[in-house]
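In the two assemblies presented below, chain A is common to both, partnered first by chain B and then by chain C.
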Partner chain A sequence: MSTINMQQLKKSYEDTQVIHGINIDIIDGEFIVLVGPSGCGKSTLLRMVAGLESISDGEVRIDDVVVNKLEPKDRGIAMVFQNYALYPHMTVYENMAYGLKLMKMPKAEIAQRVQEVAELLQIEQFLQRRPSNLSGGQRQRVAMGRAIVRKPKVFLFDEPLSNLDAKLRVQMRMQIKTLQRNLGVTTLYVTHDQVEAMTMADRLVVLKDGIAAQIGTPMEIYDDPHDQFVAGFIGSPAMNFIDCTITDAQIDIGGQKMPRPAEVTQRGAVVLGIRPEHFANEADKTDLQGQVEMIEKIGASVFLYVKCDNVAELIVIQREGHSQVQIGESVSIDPNPNKLYFFDKNTQQRLY
Partner chain B sequence: MVENRPMTTFISHSVLIIGVALIVFPIWIMLVASSHDALRLTEVPLPLLPGDQFWENIKLLFSSKTFGAPIHLSLLNSLVMAMMISLGKISISVISAFAIVYFKFRFRMFFFWMIFVTLMLPVEVRILPTYEVVASLGMLDSYLGLSVPLIASATATFMFRQTFLTIPDELMEASRIDGASPMRFFFDVVIPMSRTNIAALFVILFIYGWNQYLWPLLITTDPDMYTVVMSIKQMLESGESEPMWHMIMLTALFAMLPPVLVVIFMQKIFVKGLTDSEK
Partner chain C sequence: MQKRVHYNSSYLPYLLVAPQIIITLVFFIWPAMQALYQSFLLEDAFGLSSEFVWFDNFVELYDNPRYLDSFVRTAFFSFAVAGLSMGVALFFAALADRVVKGAQGYRTLLIIPYAVAPVLAGTLWLFLFNPTLGIMTYFLDMVGINWNHKLDSSQAMGLVILAAAWKQISYNFLFFVAAMHSIPKSLIEAAAIDGAGPAHRFRTIIFPLISPTTFFLLVVNIIYAFFDTFGIIHAVTAGGPGNSTEILVYKVFNDGFVGLDLGGSAAQSVILMFIVIGLTVVQFKYIERKVEY
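On to the complex of A and B.
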């Protein structure tokens, strides 16, 4: 249905620049998730596309039409807000019909469209209720209904699930994704939850301080993060970052040695990144040793927080199944040698 | 603190009963006095039980012109003035609060503070200049003269500003995306969402307008423009003759009725407007 292009998009509030030139090209029907820590500018970026924030510099094009100066209603977008923003004094039906009514659509057509969307979202039985008489999940669906009923070119979601409880969130996550795929509407979705981002996105945009740190499919970003920030942000629990020194023969981690992978040609101090899930389950090699300081059991697997000599941070190791390891016990650490990430200490850029 | 001490209950109830009695007793006397003839009220002791002249007195009050302005005319005057003041105040302040909250314009805060500062200038302080203005505009002895100078209201503007600030910004954004112009948003979202506040304010302002005394006294010289509160005062000072207490009390009774009715019928919505925070 439509494409979105952002070119050198910038946003400043008086003296502070919050968005530093972002380029994203979104193809028709794509589900793009903007993810990042709070304050990274992801909501601002979304609101610039929506037309709720002015654009300081650069261009937003929807379907190859520059929309910088267009009013939100003329951009062919629909938005779902974090707190739903339903009109509290209107019934669900009136909420959904309001936009259409303002477009001067005939009443019969409005009724038909609202009915269709209500059936799609299974909210027909609530049409005559006020939002205050609905549960969080139902309100969420009404807010989506209000967006869908306008038949927009682009859906914009601003952290729509963060007010829901965990179980509902997982449910709604799937529903939104399915719905979007069936409707085929290009979608921009903002979240700070990396699980949400990974599961829903066709492509992810990881934002950091108003810069797109990396753009790619969820697995590309997981497997091949460009820098330490992206590597640490995607994946849960987060990747371990260990200061180490590479010498000709070995990698020196706080006095303990492990073999240097052949392709690592850099020498000196670097940051070694290892994901918790990339350790051997039952290590028999004893290159690296550490003491278990804490254990988290989540059922399917166990997370060991291991203290190594001369390493500041605890190293998180995931073990499958029922691990019998006790607190205080000494365990050997055996990272998968093909899954090591090396980052520059200063620039935080990925080296290998 | 939930306690069950008979003594505390007794004392607190006594205080409440005394308080109620203090307020109710004068009203009772007023009711009683309005149901006796003029002669009985000059005798000592004052009657404490109602007499049988109530309907007679009503007939007399509405049929005669001997007590200054005709009573129904002054009741009407009061009603028109109170309505004009309360509706005028509400419409002006709701729209100015909307401007202050939702629009960015130069000197916005300056205007807000200007409005706010006028809170310190009640009618009594600016009464002479205002009189001068109204007189030169030729609005003496007219409804406009009675109500217009009292319409500008910092209190109401301030109250609506606070109400509007509690309406989430997302609603404004959602309505922008829905394609509503600012004024549509005003009528379709802001007004309906503040209707309980409007009602509460209406009750307060109606009583305020109804009870105006000093201003109407200054601005009207024609008895046909007297408000009911003025009429009562006028009746008290009716020359050398004895004050007609039964008529005065009856007039006072009628003067009390509209505010009481407004409060009774709007109480539910009034309380909701003052306490409701669900948005």
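On to the complex of A and C.
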């Protein structure tokens, strides 16, 4: 039973502050994913919880014990590193037993625990091998095994899948998620991959420049992003952002007009956000027109990159997979009026 | 893509390696052959007559207890030098590995002794431990130790070991620091999370992972102690008192250029040559064994 609380957590290196006061309360058994672009401080935050980075200000509590000054080994955590950090001169068995030996556990019990975890992860046949004789996926599993075998209160994952190929990554994603659910261990997971974040998390923390831009379940964040950054970061392909002007009667997009939703009371220049999947499949009823500049077929669906007059960015529109639209063709653009997002041009905050 | 470069003309590659081959031939192979040839000769001191005596020079060495003594002494000397200099360097490197601020500065300072010529290094230590003037002698006297390496053979041996080891610490330090740097930081962090303290981490993670470097340095240091310490010994003790610091390479010089037994001296240098060839082979054979992270 473990909870993690971060309160006004801050980190500075000499003059530069990298984490600007983060508050997160994690309940027992929760799978929390820290996601954000590179340099947003997500790894630093994880390492502060692990005790590998000092905490400049604020506090971290694990099970209501302040761990700020505790050594990593006294925090009851286990970590899986991006490069796995397996001890190259030890066998898989020795790798997994290393921490247990330091706990002064009797030999027979160590052997039993390692065996159990090895079976769980299907690595029994590799126990006597060195890490250099294992494939990437196998090493990944050994790294997980080394973490699990210690029965920690908290799992910490630092981009554990980014060194694997795409297919294996999807597989391991499921395995880690299932394993975590079965073991019920509170987990902090860092990734820059928003698909990984969406699929694995109970709750997501979207980080930007050392600030938690939004915390919530994946669907909350997808449906209701607080600002333009979160809206653009979550969802693939990314949300379209179109500069437009709202007048009394309608929305003006580069000279073309669209009806104004009733609840939008703001006037003037705003940023309109529309997800590629929120366009009608075969549109013919709006005045909004554009020319198809590029087509991406991924099988189940087709992405049209559409150029509209006086709009800088190409608008990405998702269509059903067998759509016969050709490059150069003129298409109507028909966004779902209930799925429009409006952002302030300057603050990038969500308006509607 | 072929990785090797292929030349169209046949003479260009030979031309390109020619300088290296010429240097090797003139400065290494030729003198070595000369020594080999000379080791089969019995020559008078003025070089006016010489006689081909086959392996007589070697047999004579084998029967000479003074030579065998020198052999044992050299082994002791080189292992002591290698052990001392590597031990100290490893200790320094382990400390330096933890330093972040100003690491470059410390490292540069630690490298300086390597740039000191052997004779100068020897002279430096000679002054420090001079039986009548040396500052260290003075301090030792204060704690009741009577230092006179000109009379006491074990003190003499201690002093040359100290001087020789001191000079080599920088070199070993550099290699140890580099080796420790190449260990991924996450390995150390993983061990820290697993509950290993700094000393335990050093013993179970760092030391095993730098073992290829340690082995390489062991060979290099032994070769150094065998051959490059001539200047230090010459300056500090000149092989004395008695023959107590006369290691093999010093004996080559003593017998050849002082005693003018050129054949015997050449035979000794041939033996040394085979020792160094042996060490180098061992080193090349194992140096390829690298750790994968």
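Quick notes
Note that in this section the second predicted complex is superposed on the first by the 352 of 352 C-alpha atoms of A that agree within 3 Å, B and C clash if a C-alpha of one lies under 4 Å from a C-alpha of the other, contacts with A are read in each partner's own complex, and residues count from 1 in each chain.
We take it that a contact is a pair of C-beta atoms (placed from the backbone, for glycine too) under 8 Å apart; a residue touches a chain by one contact, two chains touch by 3 or more.
Predicted model, so just to flag it, every value in this text is computed and none were measured.
With chain A as the common reference, the superposed partners chain B and chain C clash. By the touch criterion defined above, A:K73 lies against chain B and chain C together after alignment on the C-alpha atoms of chain A.
Contact with neither chain B nor chain C is seen for A:I327 once the two complexes are overlaid on the shared chain. Using the contact criterion defined above for the overlaid structures, shared-chain residue A:I27 touches neither chain B nor chain C, since it reaches no partner. In the superposition on chain A, contact is made by A:L102 with both chain B and chain C. By the document's definition of touching, both partners, chain B and chain C, reach A:A85. On chain A, the surface patch touched by chain B in one complex and by chain C in the other comprises residues 50-52, 71-73, 77-79, 81-83, 85, 87-89, 98-99, 102-103, 132, 146, 150. Interface of chain C with chain A (complex): residues 184, 186-187, 189-196, 200, 204-205, 208-209, 291-293.
Chain B contributes residues 168, 170-171, 173-180, 184, 188-189, 192-193, 278-279 to its touches with chain A in the complex.
Touching chain C in their complex are the following residues of chain A: 50-52, 71-73, 77-79, 81-83, 85, 87-89, 98-99, 102-103, 132, 146, 150. Contacts from chain A toward chain B in the complex involve residues 50-52, 71-73, 77-79, 81-83, 85-89, 98-99, 102-103, 132, 146, 150.
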